[in-house]
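All chains are identified by letter, namely A, B, C, D, E and F, in their written order; residue positions are counted from 1 within each chain.
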Amino acid sequence: METALAGLVGLFYAVAIYLMLSKHIIRVLLGIVIFGNAVNMTIFTAGRIVREVPPIIPAGAERIESVVANPLPQALILTAIVISFSFFAFLLVLAYRAYQELGTDDTDEMRVAEPEGESLPPLGY
Amino acid sequence: MAAPGATSIDTAAAHIAGATALADWLVIAPVALPILGGALLLMVRHRTRVHAVLAFLFLFASFLSSAFLLARVVSEGPLVMTMGRWLPPFGITFNADVLGATFATAATFVATVAAVFALRDINVTGRRYGFYSFLLLMVAGVDGAFLTGDIFNLYVWFEVFVISSFGLLVLGSERRQIDGATKYAVLNLVATTVFLITTGMLYGTFGTLNMADIARKAEGLRETGPLMTIATLYLLAFGMKAAAFPLNYWLPASYHTPRIVTSALFGGLLTKVGIYALLRTMMTLFPVEREVLSGLIGWIAVATMLLGILGALAQSDVRRIIGFVVISGIGVMLSGLALGTPLGVTGTILYAVHSILVMTALYLLAGLMHEAGGSYSLHETAGLYRSHPLLAAMALLLVLAAAGLPPLSGLWPKVMLVKASIESGAWWLASAILVSSILTVIALGRVFALSFWRMDAGETVERTDAERAISPGAGYGVLAALIVPAIAIGVYPEPFLRLAAAAAAGLADPASYLDAVFPPGGGS
Amino acid sequence: MIDIIQNYLAGILIIVGSGFALVASIGLLRLPEFYTRMHAASKAGTLGSGVMLIALAVYTDETTIATRALAGFVFFLLTAPISAHLLAKAAYAAGYPLWEGSVHDEMPQQSRDPDA
Amino acid sequence: MRTVIFRTTAPYLTSLMVLFSVFVLLRGHNEPGGGFIGGLIAASAFAIYGIACGVAPVRRALYFHPMGLAGFGLFLSAMSGFVSLAKGVPFLTGIWTSVNLFGVSLDLSTILFFDIGVYFVVVGSITSIALALEERERD
Amino acid sequence: MNASEAFLTGAVYLALALLSLSFLVTVLRVVRGPTLPDRIVGLDMLVAVAIGFIAVIGIKTGVTLYVDVAIALGLVGFLATVAFARFVMNRGRDREVDGELQSGSEPLEHRRPEASS
Amino acid sequence: MTIYLINILLALAWVAVTGSATISNFLFGFVLGAGALYLIREQAGSLGYFRRTRRVVSLFALFLYELVLSSWRVAVLVVQPRMDLKPGIFAYPLKVDREFEITLLANLITLTPGTLSVDVSEDRRFLYVHALDCSDPDQTRLDIANGFERKIMEAFR
């Protein structure tokens, strides 16, 4: 199972990096989303995959008697998902605004903040 | 599905039994207070009048609490609080050591001062948009990063301040800002994702996320675990955040676009969090791996400081010059990390504190120059010395400070770093630091010469005096508040040196840190 | 006794439901163009999953699960036609043409205006 | 999407989804669910309402500005961590209490309030983004 | 294990097989396109198939926790379709030629930027 | 509307009297209450209530019947080796005019396979329906008018 997941993670990373190298901002965003999912699966795999019961203490009991799944990776992934979701929501709005304001989704043409051919500073004093 | 070797988890044993003293709440106060303040400001977003006052109060309170925290940590050793009574590795630990508390104090001080400056810079629309809420949340994120003892929690705080910084960055929604913010956001997202990947691998290797626990377990895993990979990836992730070469071009592309007070906070605080994280991971968690990587870090440091300052020489916009100066400073800080000797790390820590103060002050100075001269461009400003002598004096002081000349705060850390590199036989590093200092003098000296001394610009710009400042005095006061501690570090360095040395000692020898998280005889 | 009825009924229902789902997806693949595919997918598919949810409601002994499964079914019945309608309308307004084998088009041309 | 069919059903769907979101929020204690997912469902409900009937009715229906709601949620979550101050236990420790209301015993905990806070943060921030985009789209 | 249970077990496996098959067939349609609405319909269908899976697995294992997931999935699927429909309507068909999306580098001509938001 | 309320109140009374607040008990009380209301139908004026209920049920039954029947037809059509398709859009003149009724009719048409309501005209007089088999639109129109639309008008007017 770990092997299969590791292969899948690798595939995800490959796709994500391929997309992130594109110059269209929307592709970069999609790449980032896949990147985030790949990371989540990495954490999931790192937490040792076992077929166990959820780590919930039954009502009335003080402790769990059986083997339980590791709750920590799930908590971590959940946190990471929440964060990457909000991040992505923000980036989506930003990309949309950029497309509207700058009239392009090509990062090569986004040079408003750093205009090309800027003059050098005055050299004399 | 009863597997062999079934273990049961006793919840009672996973809890901390003892009560927590009220004074221990000091650990989370620098984080919790800004969060509460930010939330409160979001709730009263229409009452823009109270925003500044509330923000100032909350920031000042968190500054006071982090200062008290620092005092307590210095006298009694690291202070620990575990959230929700769950013992590590399940519970998230906040622990303040000298390093974290020092950085938190400097950060909250700068933020408080910037909140005052924002009175001039941010109008009602900006306040309604939530400038102060974002400011407070960003401070909470930065403080959280400084004070947390859990590496995943560090990631969370990184994200908190990065997301808040997005909010600050696009405030005003000019085209330039959106352009800068896009690059900033994508690069930062990639950096934090690399951070997360590494943390995942770290968890897979150690089975814990508590930094003290990792440091304890790293000894046993050095032979087998992929620690080298993890350390390198952390170097990559935090290097990206700290704007180290070659992953630093997002900084000059974005830092000059927002409001000047936002630029000041970014330049002062955000890159330093990257430096802090590098110090923490490299020195406490992976000291052996850092040893191996030190050559690489050293070259990165040299490239960052030299290319950064060369970039500054080619700019004509004051804010972009300062952006490159910030990068150059990162290189100087990295050199101490590359050396790894107590003296070098002490120098790095002191330089970071100096940089928090001075870079913020430089950006604010640029804002005041813009107000006085009507432009950020060196082509278009001249003769400010005549019209604004006080500003010129402060500018001169700041140039000296940034270049590391006496009698200001930049001197001592650079002296220490140079001395440390010579002690370690790294002449190239020492000479790079010196060369970059000279170039800084040239780059910033030119700003001073052109904008203040030069009598008359070749091409004068139409002065747009439509939005005059509320009162120039407040701006000067704010600048002075930042320069005074910088002078204090410069002329009376002993207590600061002792503080930085204590921080470096705690970093290099994590025993006291470990004892605070895992008290001998107790815990898991 | 009631167990046996439950089992048989649930078994039949899930076979019917998955059969519908399969038919829908085959229709999705075989039908010539978008509008006709939509007939297969957004209805036979919905019916299929709905029937399977009913099967779950029949099978389970817990009332809460059964009511929830039924609630899910009702919810599908509410949303499926609306989303199908919106998609068809949007596609038509955006100018995706009908299949060339179509025999009839009484839709007025002005509703191709994207703002309509 | 000016179509009669969608506009007549959307408000009812919205109320149904909000109801479901509260259900998901409250059951998040020992079953899947909780503030985040509940908040997302509620935010998508408002998004549907906004797409069908326009942004202005949604803003009127919410009464408070979405960012204000988010701030309230953040405040609630942060404050729920401070309750444990009174008990002398660390920040964010769950404190449970039982309230007797009209003969019905109600178990309250700081965790619940934390979750409700998360719910509001998510509803507020996502809705404000969605509405801003929708407004821009319509102009 | 009596006859009815055996029948149910067989039915569950048959249903899983049928669902998997329909999943694959639908994915084929999503990949093939050729137009955007075709893909949207395919995605819609995928949601339905996923819900079918949830129901069948609920019967097979007795783990019925996922029923709420099914409802939420239906909600999200609905929202997604509505949003896609909006997108299709706003974009129109002009940018899609022979099922291939032209990369969107053409500037916007009708929406001009305003200075502030 | 008040009759519904009375029926619910009766059901609540039943729950209160029996003292077990479960859903099934409530539903049982609701049915019992409906029976009790049926006894006093002439005084309470609840005749229409029952007629309407019967018609709603009959509408639902028709819907289920149509759903299963035409699902089957589409299923057969789809798996045939040679598909015999004559799709097209026809305009259906609406007799119902309230928003709720139009929506209901359109949704019912959409849910039954073979027909899909694409749009309602601006003046709400026509419903545009896409049909898989549009060889005889007049017959289909007649089917809808005599089937769903008549039942809807009966049930809700």
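The working rule: a contact is a pair of C-beta atoms (placed from the backbone, for glycine too) under 8 Å apart; a residue touches a chain by one contact, two chains touch by 3 or more.
Because the structure is predicted, anything quoted here is derived from the model rather than measured.
Student: Starting at subunit A, what is the smallest number of hops through touching chains needed to reach subunit F?
Tutor: Minimum step count, subunit A to subunit F: 2.
Student: Would you mind checking which pair of chains has the most C-beta pairs in contact?
Tutor: Max contact pairs: C-E.
Student: Which chain's C-alpha centroid is most distant from that of subunit E?
Tutor: So the farthest one, by centre of C-alpha atoms, is B.
Student: As a test of understanding: of all chains, whose mean C-alpha position lies farthest from that of subunit A?
Tutor: Chain centre farthest from subunit A's centre: F.
Student: Average the C-alpha coordinates of each chain, average all protein C-alpha coordinates together, and give the chain whose average is closest to the overall one.
Tutor: A
Student: Mind checking the centre-to-centre distance between subunit E and subunit F? Centres are C-alpha means, answer in whole Å.
Tutor: 27
Student: I'd like to verify one number: the distance from the centre of subunit B to the centre of subunit F, where each centre is the average of its C-alpha atoms, in whole angstrom.
Tutor: 65
Student: Whole-Å distance, subunit A centre to subunit D centre, using C-alpha means?
Tutor: Once rounded, the distance between the two centres reads 25 Å.
Student: Can you list the residues of subunit F that touch 2 or more other chains?
Tutor: Residues 106-107, 117, 119.
Student: Give me the residue numbers in subunit C that touch at least two other chains, ranges are fine.
Tutor: Residues 26, 38, 42, 46, 75, 79, 82, 85-86, 89-90, 116.
Student: At least two other chains touched by the same residue of subunit D: list those residues.
Tutor: 1, 3, 5-6, 9, 13, 132
Student: Using the touch definition from the top, list the residues of subunit E that touch subunit D in their complex.
Tutor: 65-66, 68-69, 71-72, 75-76, 78-79, 82-83, 85-86, 89-90, 111, 117
Student: Spell out the part of subunit F that touches subunit C in their complex, as residue ranges.
Tutor: Interface residues on subunit F, with respect to subunit C: 22-24, 67, 71, 74-75, 77-79, 83, 85-91, 106-108, 110-114, 116-119, 121-122, 128, 130, 132, 134-135, 137.
Student: Under the stated contact criterion, what part of subunit D meets subunit F in this complex?
Tutor: 3-5, 7-9
Student: Provide the residue numbers of subunit E that touch subunit C in the complex, in ascending order.
Tutor: Touch list, subunit E to subunit C: 2-5, 7-8, 10-12, 14-16, 18-19, 21-23, 25-26, 28-29, 35, 37-38, 40-42, 44-45, 48-49, 51-52, 55-56, 58-59, 64, 67-68, 70-71, 74-75, 77-78, 81-82, 84-86, 88-94.
Student: Tell me, which parts of subunit A touch subunit B in their complex?
Tutor: 20, 25, 28, 32, 35-36, 39, 42-43, 45-48, 51-53, 55, 57, 62-68, 72-73, 76, 79-80, 83-84, 86-87, 90-91, 94-95, 97-98, 101-102, 107, 110-114, 118-122, 125
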